[in-house]
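One chain, subunit A, appears in both complexes that follow, with subunit B as partner in the first and subunit C in the second.
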Partner chain A sequence: MEIKKHYWNEYQKEIADNNYFYERSCIRQTFFPGSEATFLKILRQELGKKIVDDPKIHTCTGIGYHSDVVPFDTTMTICARLFSLMNGAELKNYVPSCVTSFGIFNEVIETWKHFPEELEKTRENLRNATGREFEIPENIAHPSDIIYKFRKELKLKMKYQLVNKVTGKPLKVVEHIGCHYSKIFSEASIGGAEFPHVLAGMIEEWGGEVIDYPERRHCCGFGFRNYLVMANRGYSIANSKKKFESMKPYKPDFIVSNCPGCAMFMDKWQYTIAEMEGITYDNQGMGIPVLTYEEMTGMLLGYNPWDIGLQIHQVQTEQLLDKIGIEYDQKDKYIGKSGNYLGVPEKPKNLRV
Partner chain B sequence: MSQKKIIIIGGGPAGLEAAYHLARHDYNVTVLEKDTEPGGHIKKDLTLFPDFANAGEIIKVLSGKMAHPNIELKTGCTVNELSKDGDKWFVKSNNNTCYSGDAVLLATGFDTFDATRKEELGYGIYDNIITSVEFENKLKEGKILTTEGNVPQRIAFLNCVGSRDEKTGNKYCSRICCMNGVKLAVSFKELVPTAEAYCFYIDMRMNGQHYEELYRTAQEKYNVTFIRGRISEAAATYNNKIQLKSEDTLAGLPLKITVDMLVLMVGMESSKHTKLLSWQNGIMGEYGFAASLGINSQDNLTKKEGLFLAGTCKRPLSFSETISDAGAAAIQIMEYFKTHI
Partner chain C sequence: MYMAKLYELLLKDVRFREGLNACMNCGICTAICPAAEFYKYDPRQICNLVQSKDEEKIEALLKSETIWYCGQCMSCKTRCPRGNAPALVISVLRKLSQELGYFTESEKGRQQYAINRAIGENIVSIGYCVTVEKIVPEMHPEQGPVWEWFYNHAEEVVDRLGGNYKKEGPGALRIIPKESIDEIQKIFQVTGGTKLHDNIESFSENKSLELGITSNKSIEGNDYFMHVFTENSDHHQK
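Up next, the complex of A and B:
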């Protein structure tokens, strides 16, 4: 175990302390609509940090780029515009919500480092298209890096721990790191590509136990073209299934991820597998709850589970809330932010809710 | 006896063999060995390939030659500095003792690759993933057991760990691992005939006498299975076995297999002292090995007059190649004294 820690020490990155420019994800607000708002609340209210949430932000082109429909020149120019928005806010620390965006920005900046002529070309493209100029951020951190950085401070404010209320034992947690967080540029991550520590560090700090299962590092199956091309979706679900089968013997209490696609697919594919094959990967037939790291943090800070969006999940989270002893009101589950009743989703045939 | 004095840095096979040749030709030789016993890496071996010769016996023979009256063997002596002043070479050791000589033979050998650098192979993280050196140690003890104390029923050997690998910066082949893997698999099957043994390889480099025959014997007599493919990831399973992911590149299919033990055939790297002393004398070559004047001729000479090379400080070599090379180095040193002084 000491050697593992040694690896992690080799892959430490600099994370800015304050004054962040936040770039929301294209897809997370649909998949896990409370996560980004929860992150902003944690940073502003719990940690007292300055973070700008600019409504003018737009895509980084990540999905299009990885699906081979957006050329890299376009991607670089679009990223340059996002940096220009950050410059406009007089900030230097860029925080992309999405793991794929995080990978894209690292790739673009690395390209500019090795090929300065590409940087000049991008400057010209941006100038011609928008009249804007830009400077490269001084620091790029994923929001999970920031939560990791302040995990000890947050622990002091937490109402709950990742501990089973009845047995007093640590909850067993599967952590799943998005491939584009650490597998493209391992030095840009905390812990490197093989043993990323960004989520494990939070889990351990907050009382949980990380499950080290054989397919821990395997892709969730999103893989862009795996899912976006309908004929390929079998590959996507096969990857998730492989992971579920591998983690099942360890009896995980929940899964946490720092990637929009991973959290979504690991949640939704459990429903699909249950409906297709009648299989779930827990003993209750309810599936394994899948959380984003912001949801996990907000949940432990004592935020109302329905305010952070846990009711939107496919695998229901009450089983987890009950294990920890988190208070919630079932009546409020489907009341929207406006106070209107949202309606109850149709029940799956096999997956228990 | 010649008044010429030669300092040999390294008391492994190359250093010992060269010392004996020089001593027999009446040269005064001092051998400086960092360990408490001479013999180098083969001290850790039970047998040598391809004939399963007893490594202990071979060391005994080599060490016995150090009794020659012209040889002075200093053990526990780590050399930190090597320099030349005029015609004399000066060697400074860890205890600040200074030795001087008319020529120096660098026989500082190799270090085995640190397998923790291949993070994806789980060495040092999961139980029952060990290196070939550790496996050989277990063979010496006469029993192969998992950390749970069980006899492994399925074992895998992975070649080219830290060799032919751009990720680690070692693009070269370590030459001995393919054959050594076959030797270890056969030794294991002799101990546990009912077990399954798998060898994962890029290609089998059977480039010495009797190598190919032993490779065939391993398949035909010992039923060792050879799979052409590298292991991409090793991880522990729920019951503390090791799950391996690979590709059978002959079948063109991905492969997943669970084994009781994984043995990493660690390659050779330039040793710490080879790097240090080569760097001090401007003869450091590729990958930190010492550079000779030419691989096809003058392979024991360096661009520094009076400084010679033998064995694996230059590049990976097998034991038999090292012994031959040490003899060649001794001849080169004797020629040097005839023609230069």
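Up next, the complex of A and C:
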């Protein structure tokens, strides 16, 4: 048993306990702005942690780097500037919201370890461009790592569980890990690339049941240039479709992802497949709701679904809220910041809303 | 005449040295690769070809459709028994293809012009790769009607969700301060980012003239942009 315990230690990672520097994500801000606000609220108000949201931060260039319009030297130096901002806040624990960014920072730091001359070149480049110096973070954790770390503490504060209120049975959940969370540097993730546990740990702790389906670890299909260019989007939708077909027989109640791109694609491609082919992957023609892990956590803590952003999902989430027994005000769904009613989105032809 | 010039250029990039060591051509990268399932694409063959150091074949590869199929998911890195990363090799091949102007010789390569105009210019002008206003519903029909509603009411919705849409200060989708934008631009100048941008632009302009398709300084009304953004000869799948 001791040998087994030791073996599993390789699949753990160190996650800082407090005092974080948050880096916002281009993709998460754009498609799930409520998720970032929810994460900060959970850390500050539920867990009493310090996390700095510096307005001077910016893109890590990740989407540009992986679509080959930004050189690696540039990406390394942009990352160095972000680290310099973290140093300026007198913090050492870097928390990038995006899974692509998480991969980028791990790639950059790993490169500097293996090729010290690249680190020196980056220091010189940053100095020449901006006059700045920087120190490498002591700890890099994805926000999903932090929610995982405090999943037991959060459970004590939760108003709901991942349980069907009528049957009393656990909800069946598909967990999708963004590729760049664990596939590039498995040691940087909880559970490694083969057994990533970051989302499964949350789901199991909060009463749900994780679905283990054949294409569980297949990419969502983003593929960077394969989505960014209209002519290539067949690649992206085909990969998502492969996953949907594989998970359908297990009748998932919802999908949750730690990557904002994956969450967005798995939501939007269900709509597109429904409109193109009349196919949905549930039994009611409504699709399978897709949540970010911040939304899942906020929802169970009892936050207003329309304050965390569930109204900007194409696959409607009320079917999930009803299963759990979460209270919500339908009239509040399409109200803006000013308190004005913003009207309702047009109904799709095939996907039921 | 080539005297291993292209291979030596590839070797200069640390990612190439890190990503390809003693590949034994087992093919597990191809077995796990989503692009290999969708396209006429085989990362095992690419690693084999590059390892051969055959300059003529490498030049043909740099001009081909093949190197543009990879989706950079990095699944190959996870599975390679040698710890190699064919996706990193692809990144270096793409970099060299753009430095030499070879990317304009393939349909998929020419798309770099559109990506550079969209993502590349966003980074240096607004400090984000993408924002809400850049996901125009007409160019993204797959985003659906909820996106269109959100797009049309972005400030009201983002701010309700705790954001700070196009305003100063912290919060989602805030304006990135000028000081940060200035430093991003300087970093691009010092590290080769601006040069790569200009390279893609100038080689693409030459290609647009060769094809007789007009281009201009913006995306709107730019026929060459729309051509590379939408052209699909449908010869890429198996």
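Following the convention adopted for this analysis, the second predicted complex is superposed on the first by the 344 of 353 C-alpha atoms of A that agree within 3 Å, B and C clash if a C-alpha of one lies under 4 Å from a C-alpha of the other, contacts with A are read in each partner's own complex, and residues count from 1 in each chain.
Definition applied: a contact is a pair of C-beta atoms (placed from the backbone, for glycine too) under 8 Å apart; a residue touches a chain by one contact, two chains touch by 3 or more.
Predicted, not measured: the structure shown is a model, and the values here were computed from it.
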Task: Name the contact category of A:213: first (subunit B only), second (subunit C only), both, or neither.
output: first
Task: Once the structures are superposed on A, label A:205 by its partner contacts, choosing first (subunit B), second (subunit C), both or neither.
output: neither
Message: In the overlaid three-chain picture, which partner chain does A:126 touch, first (subunit B) or second (subunit C), both, or neither?
response: second
- prompt: A:318 contacts which: subunit B (first), subunit C (second), both, neither?
  reply: neither
Message: Tell me which touches more residues of subunit A here: subunit C or subunit B.
response: C
Message: Under the contact rule defined above, give the subunit A residues that sit at the interface with subunit B and also at the interface with subunit C.
response: 193
Residues on subunit A engaged by subunit C in the complex (per definition of touch): 24, 26-27, 29-30, 33-34, 36-38, 40-41, 53-59, 61-64, 66-74, 76-78, 81, 103, 111, 114-115, 118, 125-126, 128-130, 132, 179-180, 182-184, 186, 193, 218-219, 221-226, 228-235, 237-239, 268-269, 271-272, 275, 306-309, 311-314, 334-338, 340, 342-348
Query: Which residues of subunit C touch subunit A in their complex?
result: 13-15, 18, 34-35, 38-39, 68, 71-75, 77-78, 85, 91, 94-95, 98, 108, 111-112, 114-116, 118-120, 123, 127-132, 135, 139, 142-150, 153, 155-163, 168-174, 176-177, 179-181, 183-184, 186-193, 196-197, 200, 228-232
Message: With touch defined as at the start, can you tell me which subunit A residues reach subunit B in the complex?
response: 1, 3-4, 6-7, 192-195, 212-217, 249-250
- request: Could you please specify the touching residues of subunit B with respect to subunit A in the complex?
  value: 116, 119-120, 124-125, 233, 235-238, 243
